[in-house]
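Each in C-alpha coordinates, the structures are laid out below.
In what follows, chain A forms one complex with chain B and a second complex with chain C.
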Partner chain A sequence: MDPLRAQQLAAELEVEMMADMYNRMTQACHRKCVPPHYKESELSKGECVCLDRCVAKYLEVHERMGKKLTELSLQDEELLKRMQQGTGSA
Partner chain B sequence: LRDFLLVYNRMTELCFRHCVCNLNYRLLTGREESCLDSCAARLVRANHRLMGAYVGLVPALLQRRAAEHGTPAGPSGLPASPDPAAGPAES
Partner chain C sequence: AAPPPSAPGEPAPPPPPLQYSLLLQHLVGDKRQPRVWDPAALGGIPCPPKSEEQKMVERGMERCPFKAALACRGGGFVLGGAFGIFTAGIDTNVGFDPKDPYRTPTAKEVLKDMGQRGISYAKNFAIVGAMFSCTECVVESYRGKSDWKNSVISGCITGGAIGFRAGLKAGVIGCGGFAAFSAAVDYYLR
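== the complex of A and B ==
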(Lines of atoms letter the chains of each structure in order from A and count residues from 1; the text may use other names and numbers.)
(Lines give C-alpha, C1' and ligand atoms only; values in the text may rest on other atoms or scores of the structure.)
Protein backbone atom coordinates (compact mmCIF):
# COMPACT_ATOMS: atom_id res chain seq x y z
CA MET A 1 0.00 0.00 0.00
CA ASP A 2 1.12 3.53 -0.75
CA PRO A 3 2.68 4.97 2.49
CA LEU A 4 0.85 8.27 2.05
CA ARG A 5 -2.48 6.42 1.69
CA ALA A 6 -1.65 4.30 4.76
CA GLN A 7 -0.90 7.46 6.73
CA GLN A 8 -4.19 8.99 5.61
CA LEU A 9 -6.13 5.87 6.63
CA ALA A 10 -4.40 5.80 10.02
CA ALA A 11 -5.28 9.47 10.60
CA GLU A 12 -8.94 8.84 9.65
CA LEU A 13 -9.09 5.85 11.97
CA GLU A 14 -7.59 7.87 14.81
CA VAL A 15 -10.19 10.62 14.34
CA GLU A 16 -12.98 8.05 14.29
CA MET A 17 -11.71 6.40 17.48
CA MET A 18 -11.30 9.72 19.24
CA ALA A 19 -14.91 10.57 18.33
CA ASP A 20 -16.04 7.18 19.67
CA MET A 21 -14.08 7.72 22.89
CA TYR A 22 -15.58 11.19 23.26
CA ASN A 23 -19.12 9.83 22.90
CA ARG A 24 -18.51 7.11 25.48
CA MET A 25 -16.93 9.60 27.87
CA THR A 26 -19.89 11.97 27.48
CA GLN A 27 -22.32 9.17 28.23
CA ALA A 28 -20.35 7.89 31.23
CA CYS A 29 -19.84 11.31 32.81
CA HIS A 30 -23.42 12.33 32.22
CA ARG A 31 -24.54 9.19 34.00
CA LYS A 32 -22.21 9.83 36.94
CA CYS A 33 -22.60 13.58 37.36
CA VAL A 34 -25.98 14.71 36.09
CA PRO A 35 -28.90 13.14 37.97
CA PRO A 36 -32.12 12.80 35.93
CA HIS A 37 -33.94 15.66 37.66
CA TYR A 38 -35.03 18.21 35.13
CA LYS A 39 -36.64 20.91 37.29
CA GLU A 40 -33.89 23.41 36.53
CA SER A 41 -32.16 23.97 33.22
CA GLU A 42 -28.88 25.24 34.74
CA LEU A 43 -26.19 22.90 36.01
CA SER A 44 -25.27 23.30 39.67
CA LYS A 45 -21.68 24.13 40.66
CA GLY A 46 -21.29 20.61 42.05
CA GLU A 47 -22.38 19.09 38.76
CA CYS A 48 -19.97 21.33 36.81
CA VAL A 49 -17.05 20.42 39.04
CA CYS A 50 -18.01 16.75 38.84
CA LEU A 51 -17.99 16.89 35.04
CA ASP A 52 -14.55 18.56 34.97
CA ARG A 53 -13.09 15.90 37.25
CA CYS A 54 -14.89 13.14 35.39
CA VAL A 55 -13.32 14.16 32.08
CA ALA A 56 -9.86 14.40 33.66
CA LYS A 57 -10.23 10.96 35.22
CA TYR A 58 -11.67 9.38 32.07
CA LEU A 59 -8.72 10.56 30.00
CA GLU A 60 -6.32 9.23 32.62
CA VAL A 61 -8.14 5.88 32.64
CA HIS A 62 -7.94 5.81 28.83
CA GLU A 63 -4.18 6.32 28.96
CA ARG A 64 -3.76 3.73 31.69
CA MET A 65 -5.82 1.16 29.76
CA GLY A 66 -3.68 1.73 26.69
CA LYS A 67 -0.47 1.10 28.63
CA LYS A 68 -1.96 -1.98 30.31
CA LEU A 69 -3.16 -3.41 26.97
CA THR A 70 0.30 -2.92 25.47
CA GLU A 71 1.91 -4.58 28.49
CA LEU A 72 -0.50 -7.56 28.35
CA SER A 73 -0.10 -8.06 24.59
CA LEU A 74 3.71 -7.94 24.95
CA GLN A 75 3.46 -10.58 27.69
CA ASP A 76 1.32 -12.76 25.40
CA GLU A 77 3.83 -12.34 22.57
CA GLU A 78 6.69 -13.38 24.87
CA LEU A 79 4.73 -16.44 25.99
CA LEU A 80 3.97 -17.40 22.40
CA LYS A 81 7.62 -17.03 21.40
CA ARG A 82 8.73 -19.21 24.32
CA MET A 83 6.14 -21.86 23.41
CA GLN A 84 7.24 -21.84 19.76
CA GLN A 85 10.90 -22.10 20.78
CA GLY A 86 9.99 -24.94 23.11
CA THR A 87 8.18 -26.93 20.38
CA GLY A 88 10.95 -26.09 17.88
CA SER A 89 13.77 -27.43 20.05
CA ALA A 90 11.80 -30.58 21.09
CA LEU B 1 -6.72 -2.51 13.97
CA ARG B 2 -10.19 -0.91 14.01
CA ASP B 3 -11.61 -3.80 16.05
CA PHE B 4 -8.71 -3.60 18.50
CA LEU B 5 -9.22 0.13 18.96
CA LEU B 6 -12.97 -0.35 19.48
CA VAL B 7 -12.25 -2.98 22.13
CA TYR B 8 -9.83 -0.52 23.75
CA ASN B 9 -12.53 2.17 23.90
CA ARG B 10 -15.12 -0.27 25.25
CA MET B 11 -12.69 -1.46 27.91
CA THR B 12 -12.00 2.09 28.99
CA GLU B 13 -15.72 2.81 29.31
CA LEU B 14 -16.52 -0.39 31.19
CA CYS B 15 -13.65 -0.15 33.65
CA PHE B 16 -14.23 3.55 34.23
CA ARG B 17 -17.89 2.92 34.97
CA HIS B 18 -17.08 0.12 37.36
CA CYS B 19 -13.98 1.39 39.14
CA VAL B 20 -14.25 5.16 39.29
CA CYS B 21 -17.00 6.06 41.75
CA ASN B 22 -15.45 8.90 43.72
CA LEU B 23 -15.42 12.16 41.82
CA ASN B 24 -14.29 14.30 44.75
CA TYR B 25 -10.73 14.26 43.44
CA ARG B 26 -9.20 15.01 40.07
CA LEU B 27 -6.56 12.29 40.32
CA LEU B 28 -7.14 8.54 40.51
CA THR B 29 -6.88 7.03 44.00
CA GLY B 30 -4.73 3.96 44.73
CA ARG B 31 -7.85 1.81 45.07
CA GLU B 32 -9.16 2.98 41.70
CA GLU B 33 -5.79 2.31 40.06
CA SER B 34 -5.61 -1.28 41.31
CA CYS B 35 -9.26 -1.83 40.32
CA LEU B 36 -8.50 -0.54 36.81
CA ASP B 37 -5.45 -2.81 36.46
CA SER B 38 -7.47 -5.86 37.54
CA CYS B 39 -10.35 -4.83 35.30
CA ALA B 40 -8.10 -4.55 32.24
CA ALA B 41 -6.43 -7.91 32.87
CA ARG B 42 -9.77 -9.66 33.49
CA LEU B 43 -11.36 -8.23 30.37
CA VAL B 44 -8.41 -9.24 28.21
CA ARG B 45 -8.44 -12.79 29.62
CA ALA B 46 -12.23 -13.00 29.24
CA ASN B 47 -11.88 -11.85 25.64
CA HIS B 48 -9.26 -14.51 24.92
CA ARG B 49 -11.41 -17.22 26.47
CA LEU B 50 -14.48 -16.03 24.56
CA MET B 51 -12.56 -16.09 21.28
CA GLY B 52 -11.28 -19.57 22.02
CA ALA B 53 -14.78 -20.85 22.78
CA TYR B 54 -16.22 -19.13 19.70
CA VAL B 55 -13.54 -20.53 17.41
CA GLY B 56 -14.15 -23.97 18.88
CA LEU B 57 -17.94 -23.90 18.42
CA VAL B 58 -18.46 -22.07 15.12
CA PRO B 59 -17.20 -24.81 12.70
CA ALA B 60 -19.68 -27.35 14.14
CA LEU B 61 -22.48 -24.78 13.92
CA LEU B 62 -21.69 -23.95 10.32
CA GLN B 63 -21.52 -27.65 9.45
CA ARG B 64 -24.95 -28.22 11.03
CA ARG B 65 -26.42 -25.26 9.13
CA ALA B 66 -24.96 -26.51 5.86
CA ALA B 67 -26.47 -29.97 6.50
CA GLU B 68 -29.90 -28.40 7.31
CA HIS B 69 -29.73 -26.25 4.21
CA GLY B 70 -29.23 -29.33 2.11
CA THR B 71 -32.47 -31.03 3.40
CA PRO B 72 -35.97 -30.20 1.87
CA ALA B 73 -37.34 -29.07 5.28
CA GLY B 74 -38.56 -25.48 6.01
CA PRO B 75 -36.18 -22.52 6.53
CA SER B 76 -33.61 -23.20 9.24
CA GLY B 77 -34.06 -21.47 12.56
CA LEU B 78 -37.82 -20.90 12.11
CA PRO B 79 -40.56 -22.98 13.79
CA ALA B 80 -42.73 -25.18 11.54
CA SER B 81 -45.93 -23.43 10.35
CA PRO B 82 -49.12 -24.57 12.18
CA ASP B 83 -51.68 -26.77 10.36
CA PRO B 84 -54.63 -24.88 8.73
CA ALA B 85 -58.00 -24.89 10.62
CA ALA B 86 -59.88 -28.20 10.29
CA GLY B 87 -63.22 -26.61 9.26
CA PRO B 88 -65.80 -23.92 10.15
CA ALA B 89 -66.54 -23.82 13.90
CA GLU B 90 -69.97 -25.12 14.86
CA SER B 91 -72.42 -22.50 16.21
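== the complex of A and C ==
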Protein backbone atom coordinates (compact mmCIF):
# COMPACT_ATOMS: atom_id res chain seq x y z
CA MET A 1 0.00 0.00 0.00
CA ASP A 2 1.56 3.28 -1.02
CA PRO A 3 1.63 6.35 1.25
CA LEU A 4 -0.64 8.40 -0.99
CA ARG A 5 -3.39 5.80 -0.83
CA ALA A 6 -2.92 5.56 2.92
CA GLN A 7 -3.17 9.34 3.27
CA GLN A 8 -6.40 9.46 1.26
CA LEU A 9 -7.94 6.71 3.32
CA ALA A 10 -6.81 8.37 6.52
CA ALA A 11 -8.38 11.68 5.48
CA GLU A 12 -11.70 9.96 4.93
CA LEU A 13 -11.54 8.16 8.25
CA GLU A 14 -10.38 11.24 10.12
CA VAL A 15 -13.67 13.10 9.73
CA GLU A 16 -15.58 10.18 11.21
CA MET A 17 -13.07 9.78 14.01
CA MET A 18 -13.11 13.47 14.90
CA ALA A 19 -16.90 13.62 14.95
CA ASP A 20 -17.02 10.59 17.23
CA MET A 21 -14.35 12.04 19.51
CA TYR A 22 -16.18 15.37 19.73
CA ASN A 23 -19.43 13.71 20.70
CA ARG A 24 -17.83 11.47 23.30
CA MET A 25 -15.85 14.38 24.74
CA THR A 26 -18.96 16.54 25.04
CA GLN A 27 -20.83 13.74 26.77
CA ALA A 28 -18.02 12.86 29.16
CA CYS A 29 -17.19 16.42 30.16
CA HIS A 30 -20.84 17.33 30.59
CA ARG A 31 -21.37 14.32 32.82
CA LYS A 32 -18.32 15.13 34.94
CA CYS A 33 -18.40 18.91 35.19
CA VAL A 34 -22.03 20.02 35.05
CA PRO A 35 -24.07 18.65 37.96
CA PRO A 36 -27.80 18.25 37.21
CA HIS A 37 -28.91 21.27 39.27
CA TYR A 38 -30.51 23.69 36.86
CA LYS A 39 -31.23 26.72 39.03
CA GLU A 40 -29.92 29.11 36.40
CA SER A 41 -29.14 28.82 32.71
CA GLU A 42 -25.67 30.42 32.72
CA LEU A 43 -22.56 28.33 33.33
CA SER A 44 -20.96 29.30 36.63
CA LYS A 45 -17.26 30.06 36.93
CA GLY A 46 -16.44 26.71 38.48
CA GLU A 47 -18.18 24.84 35.70
CA CYS A 48 -16.41 26.88 33.01
CA VAL A 49 -13.04 26.18 34.57
CA CYS A 50 -13.88 22.50 34.91
CA LEU A 51 -14.93 22.25 31.27
CA ASP A 52 -11.72 23.91 30.08
CA ARG A 53 -9.63 21.46 32.05
CA CYS A 54 -11.72 18.47 30.94
CA VAL A 55 -11.33 19.31 27.26
CA ALA A 56 -7.59 19.90 27.60
CA LYS A 57 -7.09 16.55 29.35
CA TYR A 58 -9.27 14.68 26.89
CA LEU A 59 -7.38 16.02 23.87
CA GLU A 60 -4.02 15.29 25.45
CA VAL A 61 -5.06 11.73 26.25
CA HIS A 62 -6.29 11.30 22.68
CA GLU A 63 -2.96 12.50 21.30
CA ARG A 64 -0.84 10.27 23.54
CA MET A 65 -2.93 7.19 22.87
CA GLY A 66 -2.69 7.83 19.13
CA LYS A 67 1.09 8.02 19.26
CA LYS A 68 1.31 4.89 21.42
CA LEU A 69 -1.00 3.01 19.09
CA THR A 70 1.07 3.85 16.01
CA GLU A 71 4.21 2.77 17.86
CA LEU A 72 2.69 -0.56 18.81
CA SER A 73 1.35 -1.21 15.31
CA LEU A 74 4.78 -0.48 13.80
CA GLN A 75 6.39 -2.95 16.20
CA ASP A 76 3.76 -5.55 15.34
CA GLU A 77 4.33 -5.16 11.62
CA GLU A 78 8.09 -5.43 11.95
CA LEU A 79 7.65 -8.61 13.95
CA LEU A 80 5.29 -9.98 11.32
CA LYS A 81 7.70 -9.11 8.51
CA ARG A 82 10.55 -10.81 10.32
CA MET A 83 8.46 -13.92 10.85
CA GLN A 84 7.42 -14.01 7.20
CA GLN A 85 11.02 -13.58 6.06
CA GLY A 86 12.03 -16.33 8.45
CA THR A 87 9.42 -18.76 7.09
CA GLY A 88 10.14 -17.63 3.50
CA SER A 89 13.87 -18.27 3.71
CA ALA A 90 13.44 -21.50 5.61
CA ALA B 1 7.60 -6.09 -9.13
CA ALA B 2 4.39 -5.80 -11.16
CA PRO B 3 2.03 -8.75 -10.71
CA PRO B 4 1.87 -11.03 -13.80
CA PRO B 5 -1.28 -10.55 -15.91
CA SER B 6 -3.69 -13.28 -14.94
CA ALA B 7 -5.03 -15.42 -17.73
CA PRO B 8 -8.83 -15.81 -17.84
CA GLY B 9 -9.95 -18.75 -15.74
CA GLU B 10 -7.21 -18.27 -13.13
CA PRO B 11 -8.20 -16.74 -9.78
CA ALA B 12 -7.06 -13.12 -9.31
CA PRO B 13 -4.03 -12.66 -7.03
CA PRO B 14 -5.01 -11.81 -3.44
CA PRO B 15 -4.94 -8.05 -2.70
CA PRO B 16 -1.95 -6.88 -0.62
CA PRO B 17 -2.74 -6.74 3.13
CA LEU B 18 -3.76 -3.39 4.56
CA GLN B 19 -0.76 -1.80 6.22
CA TYR B 20 -2.29 -0.54 9.46
CA SER B 21 0.77 1.19 10.80
CA LEU B 22 1.03 3.46 7.77
CA LEU B 23 -2.65 4.25 7.97
CA LEU B 24 -2.46 4.98 11.70
CA GLN B 25 0.51 7.26 11.21
CA HIS B 26 -1.54 9.37 8.86
CA LEU B 27 -4.60 9.18 11.10
CA VAL B 28 -3.37 9.68 14.67
CA GLY B 29 0.41 9.61 14.46
CA ASP B 30 3.16 11.87 13.28
CA LYS B 31 2.13 12.26 9.65
CA ARG B 32 -1.18 13.84 10.59
CA GLN B 33 -2.05 17.07 8.77
CA PRO B 34 -3.18 20.00 10.93
CA ARG B 35 -6.79 20.82 10.15
CA VAL B 36 -9.40 23.36 11.20
CA TRP B 37 -12.33 21.60 12.81
CA ASP B 38 -15.76 23.22 12.81
CA PRO B 39 -18.01 22.01 15.66
CA ALA B 40 -21.03 22.29 13.38
CA ALA B 41 -19.51 19.77 10.98
CA LEU B 42 -18.62 17.38 13.79
CA GLY B 43 -22.11 17.05 15.16
CA GLY B 44 -22.52 20.10 17.35
CA ILE B 45 -25.25 22.69 17.00
CA PRO B 46 -24.25 25.13 14.24
CA CYS B 47 -23.88 28.73 15.39
CA PRO B 48 -22.01 31.71 13.92
CA PRO B 49 -18.37 31.75 15.04
CA LYS B 50 -17.52 34.30 17.71
CA SER B 51 -15.24 37.10 16.65
CA GLU B 52 -11.93 37.60 18.41
CA GLU B 53 -13.13 40.77 20.17
CA GLN B 54 -16.18 39.00 21.50
CA LYS B 55 -14.08 36.18 22.87
CA MET B 56 -11.69 38.63 24.50
CA VAL B 57 -14.46 40.62 26.14
CA GLU B 58 -16.15 37.47 27.43
CA ARG B 59 -12.88 36.14 28.80
CA GLY B 60 -12.24 39.46 30.53
CA MET B 61 -15.69 39.47 32.08
CA GLU B 62 -15.21 36.01 33.48
CA ARG B 63 -12.05 36.93 35.30
CA CYS B 64 -12.07 37.07 39.08
CA PRO B 65 -11.00 40.69 39.66
CA PHE B 66 -13.78 41.94 37.37
CA LYS B 67 -16.40 40.04 39.32
CA ALA B 68 -14.88 41.22 42.59
CA ALA B 69 -14.91 44.82 41.38
CA LEU B 70 -18.56 44.42 40.41
CA ALA B 71 -19.50 43.12 43.84
CA CYS B 72 -17.39 45.79 45.51
CA ARG B 73 -18.82 48.78 43.64
CA GLY B 74 -22.36 47.63 43.07
CA GLY B 75 -23.31 45.64 46.11
CA GLY B 76 -20.88 46.61 48.78
CA PHE B 77 -20.77 50.34 48.32
CA VAL B 78 -24.49 50.83 47.91
CA LEU B 79 -25.40 48.50 50.73
CA GLY B 80 -22.80 50.02 52.99
CA GLY B 81 -24.01 53.51 52.22
CA ALA B 82 -27.59 52.58 52.99
CA PHE B 83 -26.57 50.84 56.21
CA GLY B 84 -24.51 53.82 57.28
CA ILE B 85 -27.32 56.28 56.74
CA PHE B 86 -29.72 54.00 58.56
CA THR B 87 -27.51 53.61 61.63
CA ALA B 88 -26.80 57.33 61.64
CA GLY B 89 -30.54 57.87 61.89
CA ILE B 90 -30.86 55.49 64.85
CA ASP B 91 -27.76 56.13 66.88
CA THR B 92 -27.30 59.88 66.93
CA ASN B 93 -24.90 61.47 69.30
CA VAL B 94 -24.10 64.37 67.06
CA GLY B 95 -24.27 68.00 67.99
CA PHE B 96 -24.09 67.16 71.67
CA ASP B 97 -23.05 70.35 73.41
CA PRO B 98 -21.93 69.67 77.01
CA LYS B 99 -22.82 73.21 78.02
CA ASP B 100 -26.39 72.86 76.74
CA PRO B 101 -27.48 69.17 76.66
CA TYR B 102 -31.00 69.87 75.52
CA ARG B 103 -30.14 71.75 72.36
CA THR B 104 -31.46 70.01 69.28
CA PRO B 105 -28.77 69.68 66.64
CA THR B 106 -29.06 71.70 63.44
CA ALA B 107 -30.07 70.04 60.21
CA LYS B 108 -26.69 70.76 58.61
CA GLU B 109 -24.85 68.96 61.43
CA VAL B 110 -27.15 65.96 61.23
CA LEU B 111 -26.78 65.67 57.50
CA LYS B 112 -23.00 65.98 57.70
CA ASP B 113 -22.86 63.26 60.31
CA MET B 114 -25.10 60.98 58.26
CA GLY B 115 -22.95 61.54 55.21
CA GLN B 116 -19.69 60.82 57.00
CA ARG B 117 -20.99 57.70 58.66
CA GLY B 118 -22.58 56.51 55.46
CA ILE B 119 -19.31 56.88 53.59
CA SER B 120 -17.20 55.16 56.21
CA TYR B 121 -19.62 52.24 56.46
CA ALA B 122 -19.81 52.08 52.68
CA LYS B 123 -16.04 51.85 52.39
CA ASN B 124 -15.85 49.05 54.91
CA PHE B 125 -18.66 47.11 53.31
CA ALA B 126 -17.13 47.61 49.87
CA ILE B 127 -13.74 46.29 50.98
CA VAL B 128 -15.23 43.31 52.77
CA GLY B 129 -17.49 42.56 49.82
CA ALA B 130 -14.62 42.76 47.37
CA MET B 131 -12.44 40.50 49.52
CA PHE B 132 -15.18 37.95 49.92
CA SER B 133 -16.08 37.94 46.25
CA CYS B 134 -12.44 37.71 45.19
CA THR B 135 -11.65 34.79 47.49
CA GLU B 136 -14.83 33.01 46.50
CA CYS B 137 -13.95 33.37 42.82
CA VAL B 138 -10.41 32.09 43.42
CA VAL B 139 -11.63 29.14 45.50
CA GLU B 140 -14.21 28.26 42.87
CA SER B 141 -11.61 28.40 40.10
CA TYR B 142 -9.33 26.15 42.11
CA ARG B 143 -11.96 23.55 42.98
CA GLY B 144 -13.70 23.56 39.62
CA LYS B 145 -17.09 23.04 41.25
CA SER B 146 -19.78 25.48 42.27
CA ASP B 147 -21.56 24.46 45.47
CA TRP B 148 -22.08 25.79 48.97
CA LYS B 149 -18.61 24.92 50.27
CA ASN B 150 -17.05 27.73 48.24
CA SER B 151 -18.93 30.40 50.23
CA VAL B 152 -18.07 28.79 53.56
CA ILE B 153 -14.35 28.51 52.79
CA SER B 154 -14.07 32.04 51.42
CA GLY B 155 -16.16 33.38 54.33
CA CYS B 156 -13.74 31.77 56.74
CA ILE B 157 -10.76 33.26 54.92
CA THR B 158 -12.30 36.76 54.81
CA GLY B 159 -13.45 36.71 58.42
CA GLY B 160 -10.13 35.35 59.53
CA ALA B 161 -8.21 38.00 57.63
CA ILE B 162 -10.32 40.76 59.13
CA GLY B 163 -10.16 39.40 62.65
CA PHE B 164 -6.54 38.43 62.52
CA ARG B 165 -5.45 42.04 62.94
CA ALA B 166 -7.00 41.96 66.41
CA GLY B 167 -5.35 38.74 67.46
CA LEU B 168 -5.53 35.04 66.72
CA LYS B 169 -8.68 34.31 68.75
CA ALA B 170 -10.59 37.14 67.12
CA GLY B 171 -9.44 35.73 63.79
CA VAL B 172 -10.86 32.31 64.57
CA ILE B 173 -14.14 33.77 65.81
CA GLY B 174 -14.36 35.99 62.73
CA CYS B 175 -13.72 32.99 60.51
CA GLY B 176 -16.46 30.94 62.14
CA GLY B 177 -18.96 33.78 62.23
CA PHE B 178 -18.44 34.87 58.67
CA ALA B 179 -18.51 31.30 57.41
CA ALA B 180 -21.81 30.66 59.18
CA PHE B 181 -23.24 33.91 57.79
CA SER B 182 -22.18 32.99 54.26
CA ALA B 183 -23.59 29.50 54.62
CA ALA B 184 -26.93 30.93 55.77
CA VAL B 185 -27.08 33.39 52.86
CA ASP B 186 -26.10 30.65 50.43
CA TYR B 187 -28.71 28.29 51.81
CA TYR B 188 -31.32 30.97 51.39
CA LEU B 189 -30.25 31.76 47.85
CA ARG B 190 -30.10 28.18 46.58
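One rule holds in what follows: the second predicted complex is superposed on the first by the 76 of 90 C-alpha atoms of A that agree within 3 Å, B and C clash if a C-alpha of one lies under 4 Å from a C-alpha of the other, contacts with A are read in each partner's own complex, and residues count from 1 in each chain.
We take it that a contact is a pair of C-beta atoms (placed from the backbone, for glycine too) under 8 Å apart; a residue touches a chain by one contact, two chains touch by 3 or more.
Treat the numbers as computed from the prediction; the structure is a model and nothing was measured.
J.: Which of the two, chain B or chain C, is in touch with more residues of chain A?
T.: C
J.: Between chain B (first) and chain C (second), which, if any, makes contact with A:Leu69: first, second, both or neither?
T.: both
J.: Just chain B (first), just chain C (second), both, or neither: which does A:Tyr58 touch?
T.: First partner only, chain B.
J.: Check whether A:Cys33 is in contact with chain B, with chain C, with both or with neither, and answer first, second, both or neither.
T.: both
J.: Just to be sure I read the superposition right, which of the two partners does A:Glu77 touch: chain B = first, chain C = second, or both, or neither?
T.: A:Glu77 sits against chain C, while chain B stays out of touch.
J.: For A:Glu47, select first, second, both or neither according to whether it touches chain B, chain C, the two together, or no partner.
T.: second
J.: One more residue to check, A:Met17. First (chain B), second (chain C), both or neither?
T.: both
J.: Would you sort A:Pro3 into first (chain B), second (chain C), both or neither based on which partner it touches?
T.: Second partner only.
J.: Looking at chain A, which of its residues have contacts with both chain B and chain C?
T.: Shared contact residues on chain A (touching chain B in one complex, chain C in the other): 13, 17, 33, 50, 53, 62, 65-66, 69.
J.: Which of the residues in chain C come into contact with chain A in the complex?
T.: Chain C residues touching chain A: 16, 18-33, 35, 37, 39, 41-44, 62, 64, 67, 137, 140-141, 143-147, 150, 190.
J.: List the residues on chain A that touch chain B in their complex, please.
T.: 13, 16-17, 20-21, 24-25, 27-28, 31-33, 50, 52-54, 56-58, 60-62, 64-66, 68-69, 72
J.: What part of chain B is in contact with chain A in the complex they form?
T.: Per the stated touch rule, the residues are 1-2, 5-6, 8-13, 15-17, 19-20, 23-28, 33, 36-37, 40-41, 44.
J.: Across the complex, what residues on chain A touch chain C?
T.: For chain A paired with chain C, touching residues are 1, 3, 6-7, 9-11, 13-15, 17-19, 22-23, 26, 33, 35, 39, 44-50, 53, 62-63, 65-67, 69-70, 73-74, 76-77.
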